[in-house]
Amino acid sequence: MSNKDDTLNGGDRRDFLKGLALGSAALGAAGAGLFGVDPKTGSIGPSSAMAAGNIKMAFIQWQPHTVSSAWSKGMEEVLKTQQTVDYRLLDGQNKVEVQVSLMDTLINEGAAVIFLQPIDSVALAPSIAKAKRSGISVITLNIDATEAHAAHVEMNHYYGAMDIAKAFGDKLGGKGDVAILNAPPGIIIRDQRTNGFLDGLKKYHPAIKVVADQSADWSRKKAQDVITTLLAANPNLAGVYGVNDSMALGAVDVAKAKGLTGKLVIFGNDGEKDALESIEAGELTGTQYTDVYQQGRFAAAAATVLASGLVPATAFKQQGKLLMPYVIATKETVGTIQPSQRW
Amino acid sequence: MTTPLIRGRGLGRIYGALTALADADFEVMPGEVRGLVGSNGAGKSTLVKILTGAVEPTSGTVEIMGEPVKLGDPSEMIRRGVACIYQHSNLAPAMSVMDNVFLGRQPVGRFGRIDKKKLEADTRALMAKHGMAIDPLATVGNLPTVKQKEVEILKALALEARVLLMDEPTGWLSAADVARLHQTIRTLRASGVAIVYISHMLDEIFSVCDTVTVMRDGRVIAECGIAEVRRARLVELMVGEKLARDSAAAASVARRPGGTGEIRLAVRDLSKKGVFRDISFDLHAGEILCLTGLIGSKRTELMRVIFGADRADGGSMTVAGQTVDFHSPGAAMAAGIGFVPEDRHRDGLMLGLSMTDNLIMSTIPQVCRSIFLDRSRVAATAKRLVADLAIQPPDVNKPARLFSGGNQQKILVGKWLNLGPKILILDEPTVGVDVGAKAEIYGILRAQRDAGAAILVVSSDLEEVTTVADRIAVMVSGRMVGIHDADAIDRSRLIEEIGGVA
Amino acid sequence: MIASVPALGRRLAPHALPLAMLVIIIAFAVSEPAFLKPDNLIGIVRQVAITGIMAVGMTFVIMTGGIDLSVGPVLALSGVIALFSLDAGVPLPLSIVAGLSVGLVVGLLNGFIVARLELPPIIVTLAMLSMVRGSALLIGGPDLHPIRGHEAYAAIGSGDFLGLPISVHLFAAVTVLMVLVQKLTPLGLLVAAIGENERAARLSGHRTRLTKMALYAICGVGAAIAGIVQSSQVHTASAVYGEFGTELDVIASVVLGGTSLMGGNGSIARTILGVMFLGIINNGMNILNVPIDIQLIAKGVIIAVSLALSEWRA
Amino acid sequence: MTARSAAFALLAFFVATFIFFCVAAPRFATASNMENLMSGFSFVAILAIGQSFPILLRGIDLSVGAIVALAGMIVFDLELIFHLPGWLILPIALVAATLAGALNGWLVVKLKLQPFIATLATLAAYRGLVYSISGRQLVPGLSTTPIRDPWITGLETYFDFGSLLGISDWVTLPWVPLSFFIMLVVLAAFHFLLGSTRFGRSLYTVGGNPEAARLAGIDTARVTLAGYAVSGFCAGLAAILLVARLTTATEALGTGMEMSAIAAAVIGGVSLSGGIGSVVGPVIGAFLLGTILIGLTLLGISQYVQQILTGAILVAAVGYDRILDLRRRRRLVANLAEETHA
């Protein structure tokens, strides 16, 4: 018996992988074509993948969501110009263990590049390490991993949320009671955004008071409920920060119904199409907009370079890190965002 | 004088409005086989349940070998050597015979591991001792019912009980098996075990018991040595002198075998694979046909097929001359058949619903106006039935659960009377019903008969059969073995026929 | 005095839920007077309308000893179908019918498998949960589909009528309808009968399987109505709505209302009580700004305690 | 006898599915895929074993997912905040999980709550507790600190039997993860407990016929409590294996796992009406689910279609079991007929 990590440091045992003989003669005979895998196919890497046909790339998302869907569109846009790439989208179902299992499957399948939107930085690190050992490049989206890997393309949650806090406070004139529409713990972007926002307020507008921090489960409907309730207890509520746009739009719905449009300062985060339109209509005050298509394109562009095989995946001691430029979209700035950039 | 092995004093148990047992004294000496007899609902089962700890009495004490015991705790009773063979199965169907026999007391080896070899050996030894042969490894649920009963007996014997209670132990057994069981009982008696033997079969009581206790209406009304009492006297004690006289009178005066002569239901060669075969009989308007036989003779299964709850494999039925093939109870009802099932708690009543709801359950369309229930019609129907059947208490909104057995049965009968059935089938209509209500139910049946309904009663209670029947049909092991005019067959002949003695 | 405590407990046990509700309302009102503002009270009803409509629909299913875990994705799919129909130019009433038919079809399918094939409802509807979610995502994708230019549709969730949100009216209407069904029609009686004793109901000549199918269909339609209300309330339809946990909230409401998961006893009116109870707890804890961890713990404890109290007999 | 034949039927179904994917799905029949299957679903199998106990008792345990999170977070806190040694942390986490399970049992036995609703309440409460004690929220920076204790990470070890036996030159055997062996040990232990001890036999009786159990003097309350405690224990064990695999715990760990566990148990032939089933079936059920999920992914089938297919297979599996059951009953009646007419 031996510890896997130790052995693997000594030499990549995957090189010895010859496919599985199930130990059954009958099966072996029946499946000569299936199990008598050429020793080469066992060794994984872009070159062998290409030998077998197209290069495989896959994106493991957090859960079905607008943002990941837009990334996927951006990636496909780039990758489909390369006819040798097979791309597909896999769903992590908001569960770390599912993401880990999908990573394992993709490693086994011999993907060239895995795009990963990790639910957690640490939890996916062992999987990323495993992928690296197998010569697979991993590109993380939005949430970095503690294991160094090929590239990381991020929306910039923490600093973005700080900037939101700044703009938010400016709109409020530096004072007032505000509420946060939060998500339940368990995914890291929630923590990064909340912390960024709170730190930003502390830094730029210490006079602003957070009177409520309630979970609305990322949901517009629940956000409506929570804000209605909070308004009853805090009639002076001056501002609302939604950790994502859906929840902010829920607050907008309530503001509209109660005739508070324009009076209540509401910020979201993400910058989806609906949010931008709401800003233009003068309902939502602002959001952090990131060109998510572009983010996907960047990731895909990086992937095509990596898949060329010129840079071995194991070589990434220090990963490339790209913080996406973002705009704090408000009524003033929203016009600069082109229709083609809206998702 | 020796101390009784088990002695109960002033035992009573009240369920809501029903007094199931009142101030009963009861004792059994070592090496005594005591018969416990009484009609259904006389309180025998309650008494037994108190002695096994399944039920806690509301009053009274029990002593075993002179020591008072804690009541209402089955494990305490088992520890003190009281075992019981219940009327209803108390086996775990998914488990093996040997696990059931030594349930909770399996021999264990190291690490709490059950010593399966020893368990099997013990089981085999026990079976050898009592002359039984069942595969100890077989799963109980897969055994035929007769064998399951043997497992229950083994389970009790395995306890090396000093007091063995047997609640209707022979209901499932053939004549030969009964004889063998009685032999076992005599062996046990010789070794000083006290046995309480409950049975409706008076022959068995006379054959195996030393003494007999008679119960009626929740009370002990007589105790005596078996040699000191004659059969007729025992029956009289059980059912009460008045009823005995009345029923004898009613029976002889009012029998109408053949009814009006009009054939309401004709069954020809009805078969269901593995259940019953080639059943043929006619049921006339204006008569009561009693179908009797041992439990397990498939009477109930036959009734379910006639009522459309199960399908037959072969044969035919005609109702009032029309050939029918019911695929559901609803279809049978549409043809004017009503069915009062045997197990009123399992198949008959909605215990949590009010009496009214139960009364209208099979005649809902009658009390509807367009798509709505017509509350006034519902209330009127309930009121009428309560008055007709003298249901006590006449509280129509009370849940069925809270009525006594007899009144529950009346509710069930009333539910079908409301349909105005041309054919009414009743399966064991007076199980667990007190004597008074029993007479009332017989009265209701006769009234229906006289009004022209055809009535089919399934019963294993010979008292009942001879009291209420115009004609008697006997089933043995899924076959119809004979149909007789009630006056034309005497009791001992009937018992032989039921027992399968050709 | 001491002897009378259990007796008192027995007497109060059936009213444990209303009493617990009263205690909680008083506690909330004392710590935050704004809780009792009419605005907030109406808010509570609006907040529970969606869960409430589903709970009303599911009460009958649970009364027959069944359960329906598939309501979440049905909610999502009905909204998506209704919106897609609208966008395709189908008139509003027909679009709504299209949305509702999702619930009807899924419900009938659930009912068929449960009643006819006699498979355990919890597994059948768990499988259906997965299948309907997959179908919804196939049809609608992961995106949010904004509802634009369908004013009448938007009014279902967001409009007001006589000073009350239309969703509240709808919730009330569904409730009243189902209360009437339960109290005044044979179906109500039949549901109770099947729940109490299915064998006996069949032996009384009732078509129990068909009835059960109908009940699952009602439950599905309830979820579909909820889906239409939700999509119009949030001006978006999405295949990911009705996320995992929706069905558990609905079931918890029904059970809090005193319906046993074993079947039998149950009433639509009391389900509403259960719905309001959970709604009040959520609302009160939001208004008091209770952190999410304490919210969940309190919710668990309150559910367990109030049910234990109502079980407290003898 | 019948339970065994049902298990064989399930095994046959599993093998058929397995062979289908071996043939149809590229790279399914590889050593590394077997590793993935074993390491990715051993903990599901353990959860399914645990879930069998409440179900055998006619109950259900919806809170296992939350208990997984709770035990995981306890490991996280003790390791990263309190810096306790791993050999101490693991038993503490297991005890905590077992107690959480026992509390479920207590609610069912003492407060007479219906298991579904009792464990639904604790599902919320335990999850809330996880949020409360989450070191990720209490101490900034811990959310990006992996757990490095060898006692814990050592659980994520693989054994290379191929080289051990010296046959790796001509076949490549999958490396077997320790979690798989732990699962086998749990399986063997609980199989023994159920099949060969008084407690196990009593548990079947309590689930199959509670009245008979009571009359046989079995302490039904204690057996029930113990059954739920076993479910909690298994959730704790699964949590430890997950933490070892992920090198961390998150607040959302275990969400929805109760449904996988229930599905695996029921597919594995544990009857929801109690008293029927084994722990072998649920393990096969868990790996069947795993095979299907991985196989469909390797076939390149869209995740959305996968959800539809998994649902359909779930219905098919219980439906198949139902058909077998009906056929068995029919055969029994026929046997009985021969006996009585003989």
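Note that the chains take the letters A, B, C and D in the order they are written out, and that residue 1 is the start of every chain.
Methods note: a residue touches a chain if its C-beta (ideal position, glycine included) is under 8 Å from a C-beta of that chain, and two chains touch if they have at least 3 such contacts.
It should be emphasised that the depicted structure is a prediction, and the values quoted were computed from it without experimental measurement.
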Quiz item: Looking at CA centres, what chain is most distant from chain B?
Solution: A
Quiz item: Looking at B-D and C-D, which one has the bigger number of contacting C-beta pairs?
Solution: C-D
Quiz item: Just curious, how far off is chain D from chain B if you go by their C-alpha centres, in Å?
Solution: 44
Self-check item: Separation of mean Cα positions, chain D and chain A [Å, integer]
Solution: 31
Exercise. Provide the C-alpha centroid distance between chain A and chain B, rounded to the nearest whole angstrom.
Key: 70
Practice problem: For chain A, jot down the residues that touch at least 2 other chains. | Solution: 184-185
Quiz item: Among the residues of chain D, which ones contact at least 2 other chains?
Solution: 131, 255-256, 302-304
Quiz item: What positions in chain C touch 2 or more of the other chains?
Solution: 137, 291-292, 295
Quiz item: Okay, what are all the chain pairs that touch?
Solution: A-C, A-D, B-C, B-D, C-D
Quiz prompt | Of chain C, residues touching chain A in the complex | solution = 32, 34-35, 37, 39-40, 43, 46-47, 50, 137, 141-144, 146, 158, 230, 233-236, 239-241, 243, 282-283, 286-289, 291-292, 295
Exercise. Flag every residue of chain D that touches chain B in the complex, lowest number first.
Key: 1-3, 192, 196-199, 201-202, 204-205, 208-209, 211-219, 275-276, 332-337, 339-341
Quiz item: Where on chain D does chain A make contact in their complex?
Solution: 19, 22-23, 26-27, 29-36, 39-40, 43, 131, 134, 136-137, 140, 143-146, 154, 156-160, 164, 168, 171-175, 242, 245-248, 250-253, 255-256, 293-294, 297-298, 300, 302-304
Exercise. Could you please specify the touching residues of chain C with respect to chain B in the complex?
Key: 184-186, 189-190, 192-193, 196-197, 199-207, 264-265
Practice problem: Provide the residue numbers of chain A that touch chain C in the complex, in ascending order. | Solution: 63-66, 68-69, 182, 184-185, 211-215, 217, 219-221, 224-226, 228-233, 235, 246, 249-250, 253, 257, 272-274
